[in-house]
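Each of the next two complexes has chain A plus one more chain, namely chain B in the first and chain C in the second.
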Partner chain A sequence: MDLEKEKIRRKIKSIKSLPTLPEVAQKISKMVEDDKTSATELGRIISTDPAISGRVLRLVNSSFYGFPGRISSISNAIILLGFDVVKSLIISVSVFEMMEKGILGLWEHSLGCAIAARFIAKKVKGCDPEEISVAGLLHDIGKVVVSIQLAEDYQEIKKTIEEKKISFSLAEKEVLDLTHEDIGGWLAESWNLPVGLREPISCHHHPQLAQQAKLSTAIVHLANFLIRAMGHGSGGDPWVPELNRKAWERLGLSMQDLEEIITDLGDELESMETEELI
Partner chain B sequence: MPSPGKDLFLISKDEKINSRITKKLIENDYTIITSGSVEKGLGKVYETPPALILLHEQLLKGKALKFLKSFKQDNLFSHIPVILIVNPDWEKKKINWDNYPVEDYITETFRSEEILNRVALCVTRFHRALDPNPLTRLPGNTSILREIQSALDLNQKTALSYVDVDNFKAFNDRYGFARGDEALRMTARILSNVIHGLQEDTAFIGHVGGDDFVFITPLDKMDDACKRIIAGFDSIVPSLYEEEDRKKGTIYSKDREGKKKYFPIMSISIAVVINEDNRLKHYGEVSEIASQLKKQVKKKNGSNYLVDRRKDKKKKNSP
Partner chain C sequence: MQKIPLDKATEGMVLAKPIERENGVVLMGEGTELNEQLIERLQNLDIQKVTVKGRPFGGDDEKPVETLFAELEERFSNVSSDKLCTQIKNIIKKDIKQRREEAGI
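Entry: the complex of A and B
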């Protein structure tokens, strides 16, 4: 690995947590302060935020607790860490200092992808919808890292996308010779996240590269495609990513299944908007 | 067993220091045995272990230090705290604490309130963490015994629950010790969060060893605690298995006789002994009832808890 990449990799290894949106942080902190909030409610709200989910999963999978790389669901993480530990984590979450439009779009995209992944998982045999929905939530975590840790490069990437009319991944390749898949994968590795989360993060545009979590990666790949095609949120570029035929075939879904998923997903996104979750 | 808290041992030849310490502490109901040499002093300590040892640093030369080190390495005595009494000049040196197996120190110029509180705090601190299990850091057998006995002595409505992981041995044999340890740490964490989450002062959780745990709760919190432990365990335990085994829901491993067969995913069994109306007097009675009850609850498939209310002979199963 060349020097520049090694430098970025080292930088990523030192990341302990990522910031979230100020509105989300405020809303969640309020819930935490309310004594009546149950563990289930807390889990549900954490599951809507990539930054806090990442933080909770990083801690429960750290070697300190003694079962690294095993926990991929938020509800199980709360059982193991304990209500009070999770509350303190949430209270100490940091927020984006400089908010730009792209970040809000990415947040919506991530949450949408989590929901889409859950609906798909429910139609596919032999998978755990909760784990896959977390994988969907975290799949673009590399983009958050790029926007914060490599802020200058991020501006350069955005410029390249506009000027050359290419995808986010291609622009990343040009500027960094790396993509958010590589970067997210490094972060997932340094946080000891289970392979069921790691591979969907590091291979969601290249599901054929997944070694162990093939099914989860294929589901997140499809979820990412669907949510972009439906125009919900933003992935940083105006294009819908390519759908991998093999990944689609692996899931064994019928056209009717797909239609049902799209209908359910549309309804869910609509009801979320009226609820003003954001 | 040393009587907790009040028996002290003082190793010092300095008459002035000795009389100051002894006077203040005896006024406060401590008993003190004194010795002028480390070697002889520790000999007595082995015979009648005190709650704490006060030791004058000036005696800690050559062989004496060796004696102290071997005393602190003995796992039966290492929990007895040692406070070093030092000259104020000694304190100014850069001290290599790895060479001094002591828990605290105090200078010869101590104020009498200071020695009193320092001793009390030191005893309390080591009483708190008497024998943590090295794997889970939960209190071990000495604490469990003490807590059960004091729960019985309190004479309140209490539930004493014995936890045991089903099919743990098969898991351990199939995946190895390191993975077995992961399973035990995870179990400990679930138990500890549920029990401490009750926010009851009298609630207690301890690790007997291996896949055996004990917890104590007020009687009216027991059902809720058992249900939450079972729900948490059943939700998390599949994540310990490889995907292939998890999907099948069984693993191929050895039983106690070494015969290969299929074992289900691990589950948890809880045998609950109830103490009400002061019917149980001694720790031994509790463990006897629990071991009979354990056999019954382990016969059932999956995670269960079984309650024994000896008084009315009524037995209740989990839903």
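Entry: the complex of A and C
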């Protein structure tokens, strides 16, 4: 028993050395907090990392944002989207590579969840669709850590899902006694993400546990369900997650709203697929 | 059916969806065959994307609709007793069906 506990403690300690953000992302985090920082200045710093600025531009010009014209510079993106969103985007694209190396299909799942979250947010009063879509993009960040930093346990989790036919979360609980929500929450804290991103990451399967960002968490909870329901990308197991009734009620959506969201989402996923081909 | 940027549209492509203004006014109907003049007109109207029939840019062949339904059922197999989940499943089913009908398959 004690041996088991010791093992888990060691594991947690090893996860505590969480992935760090690229230097440019750290610099930007500090600059965003300073009121005197201008969009041009911030744009210049981001542009010093061509890999990251290239990915940010690709993302803002994809159907994820859907601006009618092309956004050609980072400064323009900052003016259109605001400092906070660009900061979150830089964090998102920084983890993109990690995501691709981790679970097959997780990036597609995450991007799809972000788009779904945006469509839901547009129908819900009193929320910020930009921030919520970034929350959707990052919600499964804990799974990236599990699959890369705890590679052996990840194999065990995969085996457990197949053998016992249980969800990723339940299998995690069995193997690690922790879930990607816990780990994602630590990561969000260590990266100083705002609570509007932190809680959807740490509570997207348990929206009733959100303290401050209740609405955003409920939206990401539903977005995650919908994108799994539509079979786009992969979240690590083949089933839809549980749908929390209270979270659904909090959003106050009608079945008609939901139909429209699903149609819009389907259109967007189709056009994204085509973009890949052209 | 594929939604493509207007600058990739070429003569002979057929609209799978009408082109509408934001207020719903139809500018070109479904089934319109594009030619150079029409494409130029759409450019002048600042239309960014059009949905055309077929798969001019390739991609995987569409799965039979029965396969899609079976996969959908499998994804929902763990929540089959939940009423709300079943309602959502049926909306997605309807969406799949509609997409197929629009694509003319």
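Keep in mind that, in the parts below, the second predicted complex is superposed on the first by the 173 of 278 C-alpha atoms of A that agree within 3 Å, B and C clash if a C-alpha of one lies under 4 Å from a C-alpha of the other, contacts with A are read in each partner's own complex, and residues count from 1 in each chain.
Keep this in mind: contacts are C-beta pairs under 8 Å (C-beta built on N, C-alpha and C of every residue); 3 or more make two chains touch, one makes a residue touch a chain.
All values derive from a computational prediction rather than experimental measurement.
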item	value
Partner chain in contact with A:P238 - chain B first, chain C second, else both or neither	second
First (chain B), second (chain C), both or neither touched by A:L104	neither
Which superposed partner A:S271 touches (first chain B, second chain C, both, neither)	second
Partner chain in contact with A:L80 - chain B first, chain C second, else both or neither	first
First (chain B), second (chain C), both or neither touched by A:W248	second
Which of chain B and chain C A:L258 touches, first, second, both or neither	second
Comparing the two partners chain B and chain C, which touches a greater set of residues in chain A	C
Overlap of the chain B and chain C footprints on chain A, listed as residue numbers	none
Chain A-touching residues of chain B, taken from the complex the two chains share	181-182, 185-186, 189-190, 192-193, 196-197, 232, 235-236, 239-240, 243, 247
Contact footprint of chain B on chain A as seen in their complex	65-67, 70-73, 75-76, 79-83, 126, 194, 212
Interface residues, chain A side, partner chain C - complex	68, 167, 225-226, 228-231, 238-240, 242-243, 245, 248, 255, 258-259, 262-263, 266-267, 270-271, 273-274, 277-278
Partner chain A, residues of chain C touching it in the complex	1-5, 8, 46, 48-49, 57-59, 71-72, 74-79, 82, 84-85, 87-89, 91-92, 94-95, 99
